[in-house]
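Two complexes, one shared chain (chain A), two partners (chain B, chain C).
What follows is the complex of A and B.
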């Protein structure tokens, strides 16, 4: 009991410290770095969507960036073209993308494992083709520019710093909800489908429907991520929502670790900030970067979070059990 | 137990169930009734079609012919997950636990299934869980991974999870295989709890001491055929069964 209280105090302390750091971070950084942080959190939301569909439900999807694109274009059309309030555009993005994922899931999840992954590559390619060619809906290859800023009740988010607080708040809320999912019946059904479909169906879980729901939740997050991206950058085009980006998200969650949202966060931070830190390497940057990622996968196949857990179990827990004995 | 089951309605009825794999007959015109609160033994040599029969009842395989009726509803065409929701729970010969999840997640899958049933929703699942873990002799750290458990503990855990769903039909596929004497006693105690819950228990088992001591009725399968039915004493003395298990006596 005492132990529990101590643990809660430590968590409270960390949360307060983290919030203080987060509030201070943009105030002490250059505008450019705040933009990098903002993009990091937008990446994080997309990678968090992969945590749900890949980390929990075990389905490796290459279509997340396409879902993001759907969210971004819904926001652009609703808020800029048709003049709805930005928040309405954002909600429509989230729900519309989720609905799209849920419906298309009935077709895609007829396929299993690698075959499913390949079909998501196809979906991604089709979506990108639509983004690049549907002039009326997406502006075609010219994209859509001069998008309205996000605003709530007259308060306009017109600086990077304001967007930082906005995006970070959304990310925190999303993280808490997804975190709660882990110990919920729905989260358990995701993991059951991932680990053993036969056992899952014998435990009353409808495998197809469960995967669809996971994909829809990931669509919800991608819709949010895409919508925020459209508001933040003010310009969207098909090149922002292409297959390489989707592949990158899978790499990110594998590096960070697919076993917890923290893995998604660490991966997103690394992938967005490392290029900034490695800028001094100039032409050799991508080479070092690539070798680094390969090395990381060899040393830590379960990602940074997985590796961290192993180390914790190896040293700290063992020490403790010795003390107990 | 026998008298009681005659009074009650059968909870599960198999009516001339057939299944072929290519030319291999895995089940041929199998008919049986399971009554609440009884232990029904299903025995036979390897390859007799015992596990196939469980797979047919749970819906992992589709039947080629015949019908399966649960509580008066025909479930012959229902998918596996909806049969589980209607009260059929099973364990596997080799435990099918979620290998990448911790013990808590594995166990609560059973509670989740029970909560999908309106009649069972409000029951005290935590109390049952504590009781089952106690009876199973499992002292677990709920946040440990499944790989921390020994094989026997994994099998016991799977039975605990199955009973947590408060099934009306509990199918146990060789629960005692690979277990030591102590663990086998835990299995028997767990089956007792299931019976008190009024579940119908279908037990596949090769350990004859266990089968003969706890089963109320027994069916013997050989090459997909039902070669004998009866109470344990009848089965033990049945010449057809002895032949199937031990082979024909030389010179007889």
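What follows is the complex of A and C.
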């Protein structure tokens, strides 16, 4: 009991400390760095969506960036072209993308493992083709510019710092919901499907529907991420939503560790902030990064979080065995 | 017109088939999907560009040297991405090949810059076949790809070396008990796989511009070819490649050039829905 209280206190302390840091962070950084933080959080939301479908349900999807694009274009059309309130556009993006993922999931999830991955590559390429060529709906290769700023009831989010608070609070809410999902029966059924489909269906889980729901939830997050991206950057085009970007998200979650949202966060921070710190490398940055991924997979095949857990387990075990002896 | 389109489609298709064959060879040998295959196509085109344009070697000579060099780089690739991870999970190896793909793309960009380049065609001029005017390049691609495919088939099915590679692919442990050096067999597989992919790159280079991202689309289309044909089947990869090539060319002409890739991948999804195991695939075996 006492232990529990102590643990709760520590967690409370950490949360307060983290919030204080988060609130202070943009005030002490340049506008440019705040922009980088904002992009980090948007990447994080996209990678979090991959955590649901890949980390929890075990389906490696290469279509996340395409789903993000759907969200971004829905927002752009709704709020800028047709003049809906931005918050309506955002909700429509989330629901629209989730619905799209849910429906397309019925087709794609008839396939398993590698075959599913390939079909998502195909989906990604098709979506990118549509983004780049459908002039009426997406502005074609010109993209869509001059998008409206996000606003709620007259309060306009017109600076990077305001966006930082907006995006960060969305990310925190999303993380808490995903954390709850992890402990819920639905989340457990995702993991059952990931680990063994035959066993899962023996337990009365509908595999197809479960995977579809996972894909739809990831679509919801992608829609949110894409919508925020559209509001933040004010300009979207097909080049932002292409296959290499989707592959990058998969790499990010593998670097961070696909076993928890923390892995997604660590991966996103690394991928966005490292280029800023390693400016002096210039053109060599991406090359070193590619080689680094290969090296990291050899050293930490379970990602940074997985590697940290292993280390922790080793440390605890050593301590325990010492007590036993 | 139709004959021209068919020849163009087939010549693109055999190149996709070649890359797909390379993927299948690797998949059969080690059970992983290589996401950097398309980038070896790009690397092949660039090496040939360096030999042909920068050093002024004749195209045939540089073609041969490129093929060997790419094969050797395949062995290096094997030792870097696959061998240290051979006991790890699939997803780890896949991400490792994704990393290799990024590294290769950036390396070529650093060495040769990002301006689109081009190389000499294998033979200039046109050939007339029954009223249709065809570029020699397309005709030669088909001939060459057919020869390469025939050689690989002969090597795999009719020689001792092929038996060694197939035995390793089927059961590594049993193969090692028979005295087969696994690492040599796998290395050889990667050598052949990359060799045919690089050759495909050299053949495609005069048709498209050489850029450091040319491999992405070609690689993805080769995936599509492999999946349509049936994963793990060499002849399936070739048939799938031909199908993809023909669909691409015909969609580009009769539907719209901008949507041709969209049509290609729509065909992939449709074929996956109708016959998920592919044309030559058996009922999906849960390999790897």
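Note that the second predicted complex is superposed on the first by the 317 of 325 C-alpha atoms of A that agree within 3 Å, B and C clash if a C-alpha of one lies under 4 Å from a C-alpha of the other, contacts with A are read in each partner's own complex, and residues count from 1 in each chain.
Please note the rule applied: contacts are C-beta pairs under 8 Å (C-beta built on N, C-alpha and C of every residue); 3 or more make two chains touch, one makes a residue touch a chain.
Everything quoted here is computed from the prediction, not taken from an experiment.
> Does the superposition put A:129 against chain B (first), chain C (second), both, or neither?
A:129: touches chain C, not chain B.
> Return first, second, both or neither, reflecting whether A:176 touches chain B, chain C, both chains, or no partner chain.
A:176: touches no partner chain.
> In the superposed arrangement, does A:199 touch chain B (first), chain C (second), both or neither?
It touches chain B, and chain C stays clear.
> Look at the residues of chain A and decide whether chain B or chain C touches more of them.
After superposing on chain A, more of chain A is contacted by C.
> State whether A:110 touches chain B only (first), chain C only (second), both chains, or neither.
The second partner, chain C, only.
> Identify the partner contact of A:298: answer first if only chain B is touched, second if only chain C is, both if each is, neither if none is.
A:298 sits against chain C, while chain B stays out of touch.
> Figure out whether A:10 sits in contact with chain B (first) or chain C (second), or with both, or with neither.
neither
> Identify the partner contact of A:316: answer first if only chain B is touched, second if only chain C is, both if each is, neither if none is.
In the superposition, A:316 touches no partner, neither chain B nor chain C.
> I'd like to check the shared interface: which positions of chain A are touched by both chain B and chain C across the two complexes?
none
> Show which residues of chain B lie in contact with chain A when the two form their complex.
Counting only chain B, the residues touching chain A are 58-60, 79-82, 84-85, 89-90, 92, 96-101, 104-105, 108-110, 112-113, 115-116, 161, 165.
> If we count contacts the way the header does, which residues on chain C are in touch with chain A in the complex?
Listed in rising order, the residues are 33, 35, 80-81, 84-85, 88-89, 91-96, 98-107, 109-110, 216, 220, 223-224, 227, 231, 256, 258-259, 261-262, 265-266, 268-269, 272-273, 276, 284, 286.
> State the interface residues of chain A toward chain C in the complex, per the touch definition above.
These residues of chain A touch chain C: 60, 107-108, 110-115, 117-119, 121-123, 125-126, 129-130, 132-133, 243-244, 247, 250-251, 254, 258, 283-284, 286-287, 289-294, 297-298, 301.
> So in the complex, the part of chain A that touches chain B is made up of which residues?
Within the complex, chain A touches chain B at residues 183, 185, 188-189, 191-192, 194-196, 198-207.
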